[in-house]
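There are structures below to look over.
After this come two complexes, each holding subunit A, first together with subunit B and then together with subunit C.
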Partner chain A sequence: MSHMASPAARTDRLGQYLLGALLALPFLYIAVFYAYPIYKVVSLSLRDFQIAYGIDDWIGLGNYTELLSSAETWRTLGRTLLYTAICVGVSFGLGLGMALLTVSLADAFSERFGRVFRHIAIAPMIFIPAAAGVMWAFAYTEHYGWVNHILIALGFQAYPWMVSDAAFFLVMVTDIWGWTPFIYLILLAALQSLPQEPIEAARVDGANAWQVFRHVTFPLLKPVIVIALTIKTLDTYRAFDYLWIMTNGGPGTSSTTLNLATYKTAFQNLDFGKASALAVITMIFPLTVMILFLAFRRRQAQ
Partner chain B sequence: MSYKTLLARTAAAAVLGLSMIAPATGWAEEFIEGTFPPLKAGKPYAGATINVPTQKGWASFAPAVELTKNFEEMTGIKVQYDMIPGSDIPSKQLLAVSQNTGTYDIVTQHATSFGSFFRFLTPMTERIEGVWGSVDKFEDWVFPAQKGVKNTDGQHYFMPFHANAQIGYYRKDLFENAEEQAAFKAKYGYDLAPPTTIQQVKDIAAFFTRPDKNLYGLTTNWGGGQGYAAFLGYYSDAGFDLLGADYKPTMKTPEGRQAAIDVLNFMQGSIHKDKIVNPDSANFQTGQVSDFFLSGSSAMAYGWLSDYWSFMQKPENIKQVGPVGAFRFPSFAGEPKGGYSSWWMMGIPKDSKNPDAAWEYIKWILNEHPQIEMAAGQLPPIKDLAYRTAVEPGGINPRALYDAFVEAKITTQVPEMSQQPRTKGVELYTEVIANKITPEQFVDGYVAEIEKTLTAAGYIK
Partner chain C sequence: MNRSFTYRASLLFLAALAALWTLFPFAWYFLVSLTTPGHIPRRFSFPDVLTLDSYASALFGSGAKGVSANYSILPNIFNSFVVAGLTVVGCTVLGFGAAYVFSRGRSTTLNVLFNALLVIRMTPAVSLAVPIYLMINTYGLADTHIGLSLVHIMLSLPLAIWLLKGFIDGIPVELEEAALIDGASVLQVLRYIILPLAAPGVAVAACFVFLASYVEFMFASILSRGSSDTLPIAIAGYNSDHQTFYNEMAAASFMSMIPLFIFFYFAGRYMVRGLTMGAVK
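Right after this comes the complex of A and B.
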């Protein structure tokens, strides 16, 4: 009796192998690009690894102990959370307000009017962050910047904004300016795709504009808002470009966030062990946000 | 003497000198005629490709990049440049050589960060002796600053290719104006001229600071890392190296502490109290200083300004300020003691795939032709060439640059100083210059950081 499989069976087996290989690819991708780098960072965080001096010693939780007992680490964490909270909060408020205004303008006047407003509102998105950072840093200079030119025209004195404590908050302004259009676009798309029946019904029942928004529109928008806030929160928490370009984390460390601190520790101090520990500490907040987001989704599904 | 004449004469002198040596040594057969340091004849390394890192956007080095085709034709060696942003110059190369990646055939470093590289480089002694006959002769050929580049084993691991020092510029239209001179003398009791003391810097800057005319007395490169380097330069010119012979910070001594505080009081006070320096200087790098000065908004300027000397000699570039003069910035000690110099160097890493081809390149970059081409905006590290470009009539550099450089020093190289203490130093400095902390707080914080690092590293017992 022949042990040779029929051509159909061979094709079937080949298909299974191919399917297996295709299914293995995502696992391979996750292993190579997710799991291994995280493993590497965690293992480096347990070492005193300073290449400039040829130091590479296992020190267990030494880096974590040192970092967590340093007041500067906690100040940096607080600064990072403040930056995230203000940028996300204000961007969300402005983005939502602008989205509602766009819809109202389109309703009250014409679709064209709403479209023009939309084009103006998303204009900051055309700037790459590096260019926007340079542009805004220049705007705040004491001598050349248009911000001071306006102040002088109004009878005030020029102020060296970027050489003061205001620098950190001015980076936030730039971040809000650059990212509000993102929130705006997401919320506008959501607003425009909402079912009109519940809104119409509420109006017929005599609800005013605020009541319609509070009890109908907002609950309907909630899933999209949660997604937008999650994305924006994670992105703002990881902010680097505006901060680095506009202030280099200064003056002093007054605008140094966890990301900047990790970069400085790794690439200026060349202390990769401590930088890895800082990176692991930095990951705790995004993980918490993701867990909360998943919990929200689960509850929503139930 | 015009620049072209100077170039022609120096080339002719080199060829004549070499032709006299050649018959006795067989030089002509071994080496390419007219080159010194001599390049090997016969293209023994033809086909090799060397990877050379350099600083991105570095105007002074651009002529060397332009001329590289000459080197490639002479030697058959192909050169690939890796243009690295200035802030990444130490870390990117250190990562590569410490991990034995073989990425670079040459390491290009600055005087503030080279100490970290010694363990990864090959000593140059044999190569130097092969060209100059002895290390002493080589050291005599270049500025004394090179002696500060030696490793603790007494060997050279780096060859210099670029020297520079910070200097001041002033507007001649203001300084030579009869009315201004009379008004200045009436107010301060001495003649208006480029300053020779710090008090004169303050007086002149205060005199020319005229907010109603959009004019400041002085603009400077006191932003971030450059500002921190400027502070160290003033401190050095006051007679203090950063570290003493025992590796302890000199700012811990009463004299050193007072000198550092004096320097920082001047920097901080000039911006925030006396308002004779434009506040943007606290964020300026030299390029911005140059722009600000050329816009006519300041009477004097300070920084790595020799880079812009040639540019400022052209009438079309100085329409708003008129002729520009240069001066050596005064010392806080009264008599200049030598500030820190910019001293760029090249070394050959142990993991270089083509060390001999890399050595040919380093010799070439030290040759007269590329050095003279690069000299507009820098000082050749070779004493004779530097003298010709800055002191002899018709030179392409300001005399003040040469004067500032002759006594300039290299900061003490302890590898550990290039990282954590430097980062902390820059952070503290940016707080001082933003008026967030006092000079005393800077000194205390900086000294503590240096002591912590050098004690942990075993330098301070």
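Right after this comes the complex of A and C.
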């Protein structure tokens, strides 16, 4: 058991055991519902395991060689990374822009105006992802969606967006719409708690708005940006709801990311072995990022 | 500072653009929720009928058969609240003591365990889907509230512990020391000092855990066979291969955001802390 900050607690042996038990409680739970499934998914990935056909054989790395030699797997991986890169990049740009805009609005008009704009900026957060997914899918429907209504009003033809190759990118729009507030809130909180002296000093020295941002504000924000981008990147990579609800990974497989491929292989094709191998492949990227992130934090703490 | 008219006008213009981006989709969808089948505009215009019929239809399944959904979301609301409630209880009971130990203790083991929580939080849920599906089925917990909340507890436990630790960090350690010197046991300290002082933090953590469960989609869809469908599953379910009930879908979507409204009112200012697992306060 650890050294407790309180000297009195250290002398109380029974108390120490109790604290140890309190700490063990959630980790026992995690062992059952996280560690065991991780072990299980790795061991299943080495089997040809198809419940519906009563197949359950050990095939070693068979699932992996099959997956890695298939071009579709690599396309799926590419799509996943593209989805992540575009959503994170655009959300970050928009979120940072809107956070700076909020600060400028509060500064040029009133604090109250800034707060009102903040409510508007985070509005997408009050919709649950499933509802946001169906709402945006509806916006693209051929006869009832406002996107086509606007096109028609402008003299174009209606377009069946969700059954075209554009669908994948339209899901990204929803993701960006729904998750920009996440980046926005974090950056805004950081901006508002920045020390004002260096910024004032730079202004007094004659720096323009861009120079102040580039050389003073941005470096001060950097630690928060790293945290926000890491969490956002991994959350976007894990994204399931919007894609599943809006496209089911289609048309064809044109919007199937690793998450959806795992899900479809498991629960539509009932090929649990192959799905487990995909699940393991899916975990490689987030694990790498987490290790880098923890190393970064460690270095920062020193 | 540049406060010229042009500067202020361009700020306003950008603010209007941003508001259009975040609010317009809602506005259009809200109008759809206020219409009935056959009255959804087929071009860019205001609907000719505004009524709350679709809300009643979504809630009570009272819609005209064949035209509207003959389906009530009341059982789904009940399922969502039971599952989220069980998840809150589980996460709080399991997480509170550990959060206290993480807050007061210093050791390498604790650091490793604490970072492990972050790794767990960031693992793609779909990677756990197959084994968890098999486990839950083996124990006959598929399509039950308990089964789904067991999974939701695991998903939210890291966040709960991180948040609770953050709040317990803010409680001065002197209070406990005084109590311990006076002969109080660890459990008494937790019960009579930490818990009352951390109560607002527990409430905030409970809100986050509740919402995480309330909006969760993937496990809810895998583990349910109909009778334990939560609200997100019901909303997505209005859109089937055969027929789509746009009006009820929109009405149910807007009703589903009520808990989130309440959450933002009470715990909105802790949002950043929750979103970053306490990494940014």
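Criterion: the second predicted complex is superposed on the first by the 280 of 302 C-alpha atoms of A that agree within 3 Å, B and C clash if a C-alpha of one lies under 4 Å from a C-alpha of the other, contacts with A are read in each partner's own complex, and residues count from 1 in each chain.
Note that in this section contacts are C-beta pairs under 8 Å (C-beta built on N, C-alpha and C of every residue); 3 or more make two chains touch, one makes a residue touch a chain.
Since the model is a prediction, treat every value here as computed from it, not as a measurement.
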Checklist entry - Between subunit B (first) and subunit C (second), which, if any, makes contact with A:His143: first, second, both or neither? => result both
Item to check | Residues of subunit A touched, compared between subunit B and subunit C (which is higher) | outcome: C
Checklist entry - Counting only touches as set out at the top, which of subunit B and subunit C does A:Gly250 meet: first, second, both, neither? => result first
Checklist entry - In the superposed arrangement, does A:Val163 touch subunit B (first), subunit C (second), both or neither? => result first
Checklist entry - Touching A:Ala130, do we find subunit B (first), subunit C (second), both, or neither? => result second
Checklist entry - Who does A:Pro286 touch here: subunit B (first), subunit C (second), both, or neither? => result second
Checklist entry - So, does A:Ala121 touch the first partner subunit B, the second partner subunit C, both, or neither? => result second
Next on the checklist: For A:Lys264, using the defined touch cut-off, is the partner it touches subunit B, subunit C, both, or neither? Pick first, second, both or neither.
Outcome noted: first
Checklist entry - When the two structures are overlaid on chain A, which partner does A:Ala108 contact: first (subunit B), second (subunit C), both, or neither? => result second
Next on the checklist: After the superposition on A, what does A:Val41 contact: first (subunit B), second (subunit C), both or neither?
Outcome noted: second
Next on the checklist: With the touch criterion stated at the top, can you tell me which subunit A residues are shared between the subunit B interface and the subunit C interface?
Outcome noted: 143-144, 267
Item to check | Touching residues (chain side subunit C, partner subunit A) in the complex | outcome: 1-3, 7-8, 11, 14-15, 18-19, 21-23, 25-26, 28-29, 32, 40-44, 94-95, 97-98, 100-102, 104-107, 109-110, 113, 115-116, 118-120, 122-135, 150-151, 153-154, 157, 161, 173, 176-177, 180-181, 185-187, 214-215, 217-218, 222, 231-233, 235-236, 238-239, 246, 249-250, 252-254, 256-257, 260-261, 264, 271-272, 275-277, 279-280
Item to check | Footprint of subunit C on subunit A - complex, ascending | outcome: 2-9, 12, 14-15, 18-23, 25-27, 29-30, 33-34, 36-38, 40-41, 44, 98, 101, 104-105, 107-109, 117, 120-131, 133-139, 143-144, 146, 149-150, 152-153, 177, 181-182, 185-186, 189-190, 203, 209, 224, 227-228, 231, 234, 237-238, 240-241, 244-245, 258-259, 262-263, 266-267, 272, 275-276, 279-280, 282-283, 286-287, 289-290, 294
Next on the checklist: So in the complex, the part of subunit B that touches subunit A is made up of which residues?
Outcome noted: 88, 91, 94-95, 98-99, 116, 119, 214, 224, 271, 278-280, 282-283, 292, 297, 415-416, 418-420, 422-423, 427-428, 430-431, 433-437, 457
Checklist entry - In their shared complex, at which residues does subunit A touch subunit B? => result 50-54, 141-144, 160, 162-165, 248-254, 264, 267-271
